[in-house]
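For reference, the structures are reproduced in the following blocks.
Consider the two complexes below, in which chain A is the common component and chain B and chain C are the respective partners.
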Partner chain A sequence: MLTENFSRRTFLKGSASLSALLGLGVATSQAPKGLIPKAQAKSNGKVEQFYNACPRNCYDTCSIVTTVEDGRITFITGNEKNTYTKGRLCVKGNTYPRVVYSPDRIKYPMRQKGRGSGNWERISWDEAYTIIAKKILAIKKEYGSTLPICLNKYSGNFNILNYATEGMLSSIGYTTRAQGTPCDPAGSDAQGFDMGAPYNNDPEQFLDADYIILWGANPAWTSAHSMYFIEQAKERGTKLVVIDPLITQTASKADEYIQVKASTDGALALGMIRYILDHQLYDKNWVSQNSIGFNEFFSYVKKNITVEWAAEKTGVPKPVIERIAREYATAKPANIWIGFGMQRHVNGGAMVRAIDALAAITGNIGKKGGGVNYIGEETWGFNYSTMGFGAPEGSGGEADRYVNMNNFGAQVLDANDPPIKMMWIACRNPMAQDPEPTVVKKAFDQMDLIVTADLYMNKTVEYSDIVLPVTTPFESVGVNVSYWHYWMNVNEQAIKPLYETKSDLEIAMGLSKKLNQLKPGSCTFPVTGDPLDWVEKEMNDDIKALFNVKSWDDLRKNGGTAKANESITVAWKDLKFRTPSGKYEFYSKTAAEYGHHPLPIFTEEYKAPKEYPIRCMSPHWKFGIHSQFQHQDWLMAIQAHPFLEIHPDLAKKKSIRDQDMVKIINETGYMTLPAKITKMVPADTVVMYEGWWKGVNYTENFTVKALQEDMGEHLKGQRGIAFHDNFVNIEKA
Partner chain B sequence: MAKKLGFLVNIERCIGCHACEISCKSFYQLEPNMRRRRVQELPEDVVGTPVRAFVSTACNHCDDPACKKACPVGAYTKREDGIVVHNQDLCIGCQMCGKACPYSVPMFNPVKKKMDKCSMCYDRLDVGQLPICVEKCPLEAIQIVDYNEVQPANAVSEIPTFADTSITHPTTHFILHKPGKQSRRF
Partner chain C sequence: MTKLTVIHMDQGDRLLLYQLFWHYYRGDLMKLTTIDWANLAELLRTMTVLCESEFGNQAITKFDEVSEETLESFVFDYNRLFVGPNRLHASPYESTYSNFEGTIMQQETIKVRNFYHYEGLQVADEGQYPDDHIQYELEFICYLLNQNEKGPDLKLFLENHFFKWVDKHCERIEEHSQNQLTLAFAYLLKEFLQLEKIIIEGGEPNVN
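This part shows the complex of A and B:
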């Protein structure tokens, strides 16, 4: 925290350098009044700045500087000391003051009489804890264990201290857990089979790339800070190729855009591989020294793959495949970024394995500026001390029970021994984000008690019994790292929690206290503790050494952000892979153990059913990360409702004009929304972006089935969802 | 020689993200509906091949500002460096300036009952800082240029959707989007 406690008078006389430090404009005597709200002095004029970390499920995980005047946040922006954040935030991050002071914040614990009725009454924290604790103890008594209690928590806040929620549930006994991730599972398994783990190069190394292929990734919307490095590289002469079924915002910036038929990217990669092998453009030394199974893979490709076949399959003309293959194989280093969306298909994992193979045969893995970059977790080695207390003595059951987060509703309904009777939901909005929301609702209907901790009255809260109001990042303490860049960011408490909000960690301690009051020994989670002590406990010697910091507090005092030692920022630099053989495995026995072909082969895409011939994709939207941000009025003022992108040819066939209301339907559900006629989507595909718009009573998942991806069990415990293999029909409403 | 400051908006760099607009709203703590900078979608065939293209505009700090002419109380001044400043203390909220501006820049603030527009953050410029939108654009797509000093070679003053520049002579210039190669499905 940079505290500058001085009077407003002194501040107005302050030097330009001081104002630069504070990021504030200095009001000169000539300045007309009324133009600079910050100069309208309030009370004693105490101006402070704090470091925060954006904890959302986002590549960029920014380091933030928050300006607080007289206890109120007046500006939130990026931290210049972080060379990835570069002092700037994305559009979503720029709305943070409104996130904090939104009139829509949930202010107090509340109880709803009748799920979905909107009949909420304010209760005290003590009442809330009492209702919840009594229910937990009653369930334990009735069923002999706490397994009927189910936790569904994931990525709404990746602050390491938020794992206190998992810790709290573990501290009452064995429970049922929503396991897995809707995010990256198939692709992560693929990289796990090939290399032992997903591990990406530092995105700041886009500047070192000679050639960049963004393969189903749209950083212009989902990672604006990466897009900056990509644009810089482009200006220096690096060629940017974007491969995507849609002309995304990123594709619009490409030197070359290649429109691939959705879910055939693996065929494209294998076609390129065939060309590279035929023309001896592969790195013979690299494959002979660093891989196993190359010959088997080579034989598979020779026998089964031709460039003509790939062209037919993918819709990419043969000469384009050949040229891109040659360019990619001869550029040194060449960088591939595989987007998460590309693998949200029934053959997603297999497609990632094929693209990995393309990078491996050209020797681009282990090279600065190169790589086949997907996701990484090298910097996540915290202590997770909030999770380590274990079940109390006398807990029934032997271990936690898992249900697949990606088919949550159905698996909760299927769990019968014992049945699930209570849900705790935190950092998650399953009613909006899960496939088949009607099934999720059925699962909710089976519950005796649903407790949701959240910031806003979202779809899940609307269907809960008790809501617990939580803090924003600016009202609590924490630490964050990214699954993409290599920085660690401190999160200080910038302001007092608004209203009666509490962090997930405080909620864990509060509930434990109540449980132990009602039944001593019923919860092992500590009942008190200073969040500052908790966050300091997350740091161990390894992570301190990796980031060259003495402590959390040391980092707080020294810029609030630190980059990991560069020895880890080039993935697989030592070419020691974490596979059973220690080599890159074109032939993976582990893959075979999980029921897959051992080689990176092409597996067929999901075919459109006759009655629902149109693919409906639901990619990420620029004003939201999942169901966060878009509902804020600052963003609603720009885009007030969802829309469906439709190609002019399809629109013509269906007699749909721009802005017409369109009904989109399949066997799972339907919804009606305005059309946007655009050539950005192909004629066999419509697009509805992911998000929660305030006042809109449907989400993109209304038509999404719980159709599984091909991989995910190996590293994530469960397979993911083929969100983009969603087929529908449309008609003018 | 006096300066002639104006925005230079790089459409080639712009990703249409609205961070410029929202960082401005945040810094000046504007009401939710007030927009001193606006990002607009351009027609998708603007460069020949279909793309998602956007342009970010604020006040154009015109050489011949219609707002200033229309204001009955003299709330507008044009500084020597070209920045058009609106003084809210003098403003009576008659909205004549908003009607006169070919770009509909001045907006009525229904809470303050006054007009409101971009000041090019002149108070920040005066102490050597950049306007917020310039400093906070994640793609560095907005610059301030002294057009009496430099005439960026590839900059143009007119783009589709932008009103006739002969009326007020806006200082804003644009760098157009360069179309890339596209291989769309056969």
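This part shows the complex of A and C:
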């Protein structure tokens, strides 16, 4: 160390006496090394470019071109070689340099003295690993298995190498896992029953559509790149219809906006189906050749559904239903995009099945530019080699135990045999995102140790014992694909990881090393490995053939992005469905096995309790993805505080004026926030945008009960949460 | 701020103080005992000019009176201010004050890096830790101060960098400190900065 050297050389009394006086423990300091003689070959002004991938839980999964000067990011932009990203990022993505270089990032492993106290001390990685490993081994000894250790990880970073965290937990033995998804479970199950899997057409095919219905989707905010194709299509004469209870920004761009009462979309679809059947506008060939159960469905509709009834139910006038039905049925091809929000109801799965049926009877499934598009996973066939090491010998228990991610707090508290004692949280912020946060907190209280790996302080880190600092996409290696478009994007390491940050993969290797030091054989996860080798190991022959690439490195050298070949970009092109019958199943025995009606019938919506007559919806905010991005100061500068959108009529009834503080309350909880009076929401509904936690001591989930959606177990293991069946009352505070 | 006309601070004292701050910002002083702090107070008292200044004196008194409670919460407050994991109340990086957007690793950081390079130095883990963390700047100042012939370079560095932001840094500590030691260091640093400005710039001190 430079200063030590010179202070040794020096005769200056001051510095010497200081060291003597204070017995400075320089050797034991956690400080990084100081200044050293400059390396000879340093050349300043070196400019390089790297490919990165936005790994967030976003439809668009952009390919990013990152400019690095002198080892630091100076510019990022979308990759022009990716025809979906089209050389642009969204507002959120454009804040990435800020995400990397904000002084407020978590920089070092730290331990909190007193959960929630805010009293943090720095620890080294070695200390962190030691504390965690010792706890794991102690739990295993006490309970005879590692089942008291619970992993809660989800969508904060979809880099394929981040599955190392799951792999690491599997490598210590059988553990408890937060299972399921808060995103899409009911709708995915519905498509699973109808077609065997959710599978969407390439969104670039909006250009090939003759008619587009965005059904409860708001891509102007949540999928900016899809919006480009939709607007282009519109310019070429394609009609754009938006069906939504809220007048979203996407609605404002539509040719026709249809305001539907929330949670009655199934009735609307069935009303349209009735009209189409009555007027012989359905595709007889398609249904006879490619489906089973059409006749049963047909008679169900004839017997139970009328357009008048649908109009009454949905609040959409009969002539509008008829016209839209006719237009949709006669346009070839017609494209439906079902948003995730639409199925966050107790009848969400049933509604998606009804909309699927609408697309099926009109023969729009399996057509380029058509489809009933929801989500897809055709491009995700990697090796997941980080997950394959298995439990070590002598692990107690027989298999992992699952708790529902969507009712996490309650199920953690219920798990008794053995109880859950330690939690590992990665890529997730359950304290801000889960329903009934007070119950989640209770579950946290029961833990001996909570470890959270994250980029920034958040509600969950606040309540953890140890926080591990993680890398941004720009500081680690990876590969990303989308659940919507058909591109694969490489993620190169563009800069050195700042401070002491590590990727989830490095953390997995580091912890395994420590476990094996303390108790040889206690963890099967490899203790070393080059991330570049790891990422290369993800590529198998199928993936390489699908994307026509030789290797990850080859793709890195050649544009950083590749599109899957056309064999899969039209969903169900071969009309070979993955159902038991191989056909589209209007009548699904699998659905019946899961306790549902086999047909896509109408299912009633959740009824508002008398004391809480107002629906509170929590759609996505334009400057955030769940609890990410919104807290960035660039985005806070645009809008710094959450607010409650209230229709003028409702506001008048409650004597609430714009900017008044409003208390929103139900049996689960309450909070107080400013009102924004707007006609964009219906008069029986208020809106509080999702994922807002920074600077306030509540989240939109304070009033959300763990009320289940109707589906989810089949494909996702667990049902989802009916986030939008959240009924409240409001009053002026 | 204290009104001074004659500055009695030799190079040894100045180096000692810079080194003291350097150790402080490296996190070397987290484990000192009340006796160590009292010893430090005694040492600082030998610097008349400090003792006679308002904030210098306050700082020294605080070192003298450090309680066990203060020691207990010292590290937590230090981390709240300079380390994390929460939003930093008093960022220790120059560019977060001088850069328009308040981020690290900006052009302003590179200017500091270039200064080190010019003197044949670099941060050991360049690119991993921002070059303008106060700890490196202090180490660099010590390096220059220790060599008489580097006087002009030192003046340039202090005037273009250290003096430009450390006042603001101290203000933020004063605003957010919840601990007598972090506050004492802010007082001491702020006072010392004034004295340094007088020495380096040869001008009148700020008077209030």
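Following the convention adopted for this analysis, the second predicted complex is superposed on the first by the 689 of 733 C-alpha atoms of A that agree within 3 Å, B and C clash if a C-alpha of one lies under 4 Å from a C-alpha of the other, contacts with A are read in each partner's own complex, and residues count from 1 in each chain.
Keep in mind that, in the parts below, a contact is a pair of C-beta atoms (placed from the backbone, for glycine too) under 8 Å apart; a residue touches a chain by one contact, two chains touch by 3 or more.
Predicted, not measured: the structure shown is a model, and the values here were computed from it.
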For this session: Return first, second, both or neither, reflecting whether A:252 touches chain B, chain C, both chains, or no partner chain.
Result: first
Exercise. Which holds for A:461: it touches chain B only (first), chain C only (second), both, or neither?
Worked result: second
Exercise. Regarding the shared-chain residue A:120, is it in contact with chain B (first), chain C (second), both, or neither?
Worked result: second
For this session: Return first, second, both or neither, reflecting whether A:108 touches chain B, chain C, both chains, or no partner chain.
Result: second
Exercise. If you stack the two complexes on chain A, which partner ends up touching A:98: first (chain B), second (chain C), both, or neither?
Worked result: both
For this session: Give one of first, second, both or neither to describe whether A:497 is in contact with chain B, with chain C, with both, or with none.
Result: second
For this session: Please write out, lowest number first, the residues of chain A touched by both chain B and chain C across the two complexes.
Result: 25-26, 31-38, 97-98, 633-634
Exercise. Which residues, counting only chain C, touch chain A once they are in their complex?
Worked result: 11-17, 19-20, 22-23, 26-29, 31-32, 36, 39-40, 43, 73, 75-76, 79-80, 83-88, 91, 93, 96, 101-106, 109-110, 113-114, 116-117, 120-129, 135-136, 139-140, 142-143, 146
For this session: Spell out the part of chain B that touches chain A in their complex, as residue ranges.
Result: 12-13, 15-19, 21-23, 25-29, 32-33, 35, 39, 44-45, 50-53, 85, 87-89, 119, 121, 123-124, 126-129, 135-140, 177, 180-186
Exercise. What residues on chain A touch chain C, complex-wise?
Worked result: 2-3, 6-7, 10, 12-15, 17-18, 21-26, 29-39, 42, 44, 70-73, 97-98, 101-108, 110, 113, 118-122, 457, 461, 467, 469, 495-499, 633-634
Problem set entry | Of all residues in chain A, those that touch chain B in their complex | 16, 19-20, 25-28, 31-38, 74-78, 86-91, 94-98, 220-221, 224-225, 227-228, 231, 247-261, 315-317, 320, 622-623, 633-635, 637-638, 678-680, 682
